[in-house]
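Both of the next two complexes hold subunit A, though its partner changes from subunit B to subunit C.
And now, the complex of A and B:
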């Protein structure tokens, strides 16, 4: 098809129009990625005179990381955090979507109640929870007490509970956001399929498992991916609630990255962690793309 | 779609869920309005006998929240403005012209959606320092001036526009920029709104990046200001005061959200594809 009004000017114009976006994307996403890849191969520590000028070390930074108990602790923390948070988040988001779908008195209020934490800055949410979790009069402990809990009170300051305090804040903050995608999925369902299944005698959980869940597979896959990617990227609550402590038991990847680069001034190792983090995030995105494409076919 | 549960049971469950979800924010709001001289004690944690704005006054006197507000607003406006401009130019090129390398360039830009800028804070910090933009508002904003997400969304919207309409504009002698503004952008308001709102909520709430590229109150945004406030030595466990600071940081955007709830939710849904 011939463009209307094509002139010589239009041979250059498209490139000029794309240029600004391309320049920014290149300067702040693509080049930095390359920079980290290269930087991760050098020992480079700003606070040690011998390493102030980068020295080539091959995969030394990576080898050191996997021998370092502190890094392994971060990996373990992340595993616990993800395992505690994500299954619960997905199930709760789905159940809430079912509850909030369709007519009921007070629907707008209920949706707002579930969704409102999404809008708050995570630092605000974490500050509110710092107060909520306070030992003594904090409402969290009083609530747990109602259910017979008598364990440790100081969640943010307890080595075995701090990571769960972080998961709790992330749960409260994100459940409404994820619910939204399930809700959209439910609202776009083909009702005749459900009715047919219902006439065949499927009801309750069987209807959900056998008919509805397969129909919203796409949403489920998508929500799972953003939940994982989100879990690896959220860090603000660590700064507010635990600062990674006590003794490193609640350090999450981005917090560790920040500590390496800005507290310990270890640039080389910071680059290695950046590369690993990006690889993990890419793995999630690519799996999601591949799986949803297979589903399409 | 509805699962058949008795309406009463469903209503009761929702009521409990809503109460649990709302408690943290409402408790912090109540605490911020508590007169500072009435201490928290078991039994009377929710409300004191009277309300007071003393915590708010003290929070404002301890930290420059007005300055933080101005900084956040400047940062967010700069980012959103730049994103809408760069993205509509690029989206127009991709939607309107065929040119050698167009697909490759589009894919290169889309890579940004797969690699979260948040994870690149170490190299981006070096870039900002190299550009002598450390501790400036442009330094906070610059990395986000190009947005693959916005380019993608606008291109989709531009492509859905009937070809005839654009051709008619070209025949009428419209220049490309008039065509972009009066035809393409004018019919893509919903996409622009989704971009503005999702960018607003991301950058208004962003914390780690502004934290690492700023060091003084003159440029620090609300989020970094709040965290610094919570860590100030003289504040300790004055929860009323901390809650007031949190509300100062949180409530304005929250109220905007309540007013424009529908549009926000639409923005959130489209931002999910990031």
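And now, the complex of A and C:
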């Protein structure tokens, strides 16, 4: 009798434990996602009386998006932003983790210095950088000037630089946060393995590539995933620094989504962008996890 | 049992009296992102109003800017919640707000209010253009502005220059006042990170506003293309302004007040802030037009809307509070504190405002600029059209497209996006 009770409890308990998360995820992720998926199949514009009642359009919203130069520019902007930001962010976070894992004087100060942008609200970080990037006398241009830079000054207003201005702020804001996960990984390493590798003659880059990086693969997977998702979630910097300009060259997916849904009141197309965004992130996360797992096996 | 009955009776009386005495709630969503002591004024006025009207509870909701207020209203309505009763939103947003049923008409309230018709009639006609749509009244002016040219009068005097009377004079004056290729001082700066509004006076000065009605834009009219070319001339021909898309909205006023630029094209809403920080004589005038002696400006700013989804009692209370806020003396005081142009005839007639205009002639100059003002860009699907126009203006400013190509592309894209609304 007692065994049956225990078994039942073991059957129910896990469900009870995950229930709050499940409710939360269902209410705030799955249901809205389902609603967006259905909504994306309808032409639905709140500011046009004849489209206020959704009209079934099949995949029309998706087809329109891929014919729209504005959306194609958003895709291109996102590609540039992700390629400029993510590799740099990962390498810098890892290097900083190595540096701050050692025994150096003023370690606490350096850790705080690297980590402190993380605790700033996103809008504050962007506002600080708006002043750094001010044309003419902003600190960023002054710094570049010391290194011989004599190019355009107005980063947020220049079509070739605006997207990099956004990447710069995101880098400064996030590198300390990502470093923290690498640092945790490094501090939890089994040092006997590293010592053994050293005794076998491994050192420097070989030790890092052959021993340390495989051992912190879990952290790398996590950091890569959240960095990638974070890059797609960038919106505050865009609002403060560039408003997607000039000429849409710094419009990123969430800002575009906000424009469609809240400025232009185009519900159907906004839903289609939401679905595409989730598909891309899901595809990346699954691929990234599978590749990492396969490597582990 | 008796005790229980007594307790129930007391509770019912207490609840009943509580319900009877519950004040009508009126909330006002206000975009606070302006450089002026507006929050303090609104707080003081709402306290005063509640003291005089204990049956009304006023709640002020301060949001970031106009888009934030609109987003908040939209989110509340679509989420099934009650939006703030009153909201200050862009006057030009009227088409989208009405079409999407986010706002209610004021007609019935005006008809029922004792001085309703007189209240509406007192607003300056120049600022009522965006208040009516489909034959109904949807909003009244609240904080209205115009785009003007601010100039450093001391620098003009030192260089023995008179304020410019035409594009040519504007370019030459700006050139004469530029120092060290702009490193020390530019002749003129025009914030163009969201350029349609500050650009409009140039187009109007060339002879054509950028739109004719809610479905007709004139982006590729020859006059508009000439205005784009004049913007380019200021940097390329006169070397008097930074090339391409320029400093942001906020930094241009700082640059002007700090003497880093001799002129800026900006809103009258910045007048109070500029006068407070500038340590030189500030001149204010409408933007010179292409032909000598012509001037141009464009209206702008926010109107007070009544949002959808409220009971008649709440709507009446909200309209009464709106009338209180827009009392001539308060409109005049608001203008003095901010630089927004008084939008009621009776407000400009108050003794206090006349005295202030005599004391601060720039305020009178800002009001005078209204004589040459035309309406701000207002179309159906306004934000879609604005994004297109801004994008192509910036493409022309940054030299990625010629003025003609950019404006033709803007016209075609806008016609396409407006097709659904015809």
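In this text, the second predicted complex is superposed on the first by the 260 of 297 C-alpha atoms of A that agree within 3 Å, B and C clash if a C-alpha of one lies under 4 Å from a C-alpha of the other, contacts with A are read in each partner's own complex, and residues count from 1 in each chain.
Just so it is clear, a contact is a pair of C-beta atoms (placed from the backbone, for glycine too) under 8 Å apart; a residue touches a chain by one contact, two chains touch by 3 or more.
On a predicted model such as this, the values are computed, not experimentally measured, just so you know.
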Superposed partners subunit B and subunit C on subunit A - clash or fit: clash
Looking at A:45, would you say it contacts subunit B, subunit C, both, or neither? Reply first, second, both or neither. second
Just to be sure I read the superposition right, which of the two partners does A:262 touch: subunit B = first, subunit C = second, or both, or neither? both
Given the touch rule stated above, what does A:279 touch, subunit B (first), subunit C (second), both, or neither? neither
Applying the document's definition of touch, where does A:157 land relative to subunit B and subunit C: first, second, both, or neither? second
Which partner reaches more residues of subunit A (counting touched residues only), subunit B or subunit C: B
Would you sort A:53 into first (subunit B), second (subunit C), both or neither based on which partner it touches? neither
Contacts for A:212 in the overlay, against subunit B (first) and subunit C (second): which applies, first, second, both or neither? first
When the two structures are overlaid on chain A, which partner does A:136 contact: first (subunit B), second (subunit C), both, or neither? both
On the A-aligned overlay, A:242 touches which partner chain: subunit B = first, subunit C = second, or both, or neither? second
Given 74-82, 146-154, 182-190 or 362-370, which one is the stretch of subunit C whose C-alpha atoms run into subunit B? 74-82
Interface residues of subunit A shared between complexes with subunit B and subunit C: 130, 134, 136, 262
Would you pull the subunit A residues touching subunit C in the complex into a rising list? 45-49, 51-52, 70, 130, 134-136, 152-154, 156-159, 242-248, 259, 262-265
In their shared complex, subunit A is touched by residues of subunit C numbered 67, 70-71, 74, 95-96, 99-101, 182-183, 192-194, 242, 244-248, 251, 260, 380-381, 383-384, 387, 390-392, 394-395, 397-398, 400, 420-421
Give every residue of subunit B touching subunit A within the complex, in rising order. 1-4, 7, 10-11, 13-14, 17-18, 21-25, 27-28, 31, 40-42, 45, 85-87, 89-90, 92-94, 96-99, 102, 105, 108-109, 111-112, 114-127, 142-148, 151, 167, 170-171, 176, 201, 204-205, 207-208, 211-212, 222-223, 226-227, 230, 237, 239, 242-243, 245-246, 249-250, 253-254, 257-258, 261, 264-265, 268-269, 272
Complex interface listing, subunit A residues touching subunit B: 3-5, 10-11, 13-15, 17-18, 20-33, 35-36, 39, 96, 98-102, 104-106, 109-110, 112-125, 127-132, 134, 136-137, 139, 142, 172, 176-177, 180-181, 184, 186-187, 189, 191, 194, 203-204, 207-208, 212, 222, 226, 229, 233, 235-236, 239-240, 254, 257-258, 261-262, 267, 270-271, 274, 277-278, 281-282, 285-286
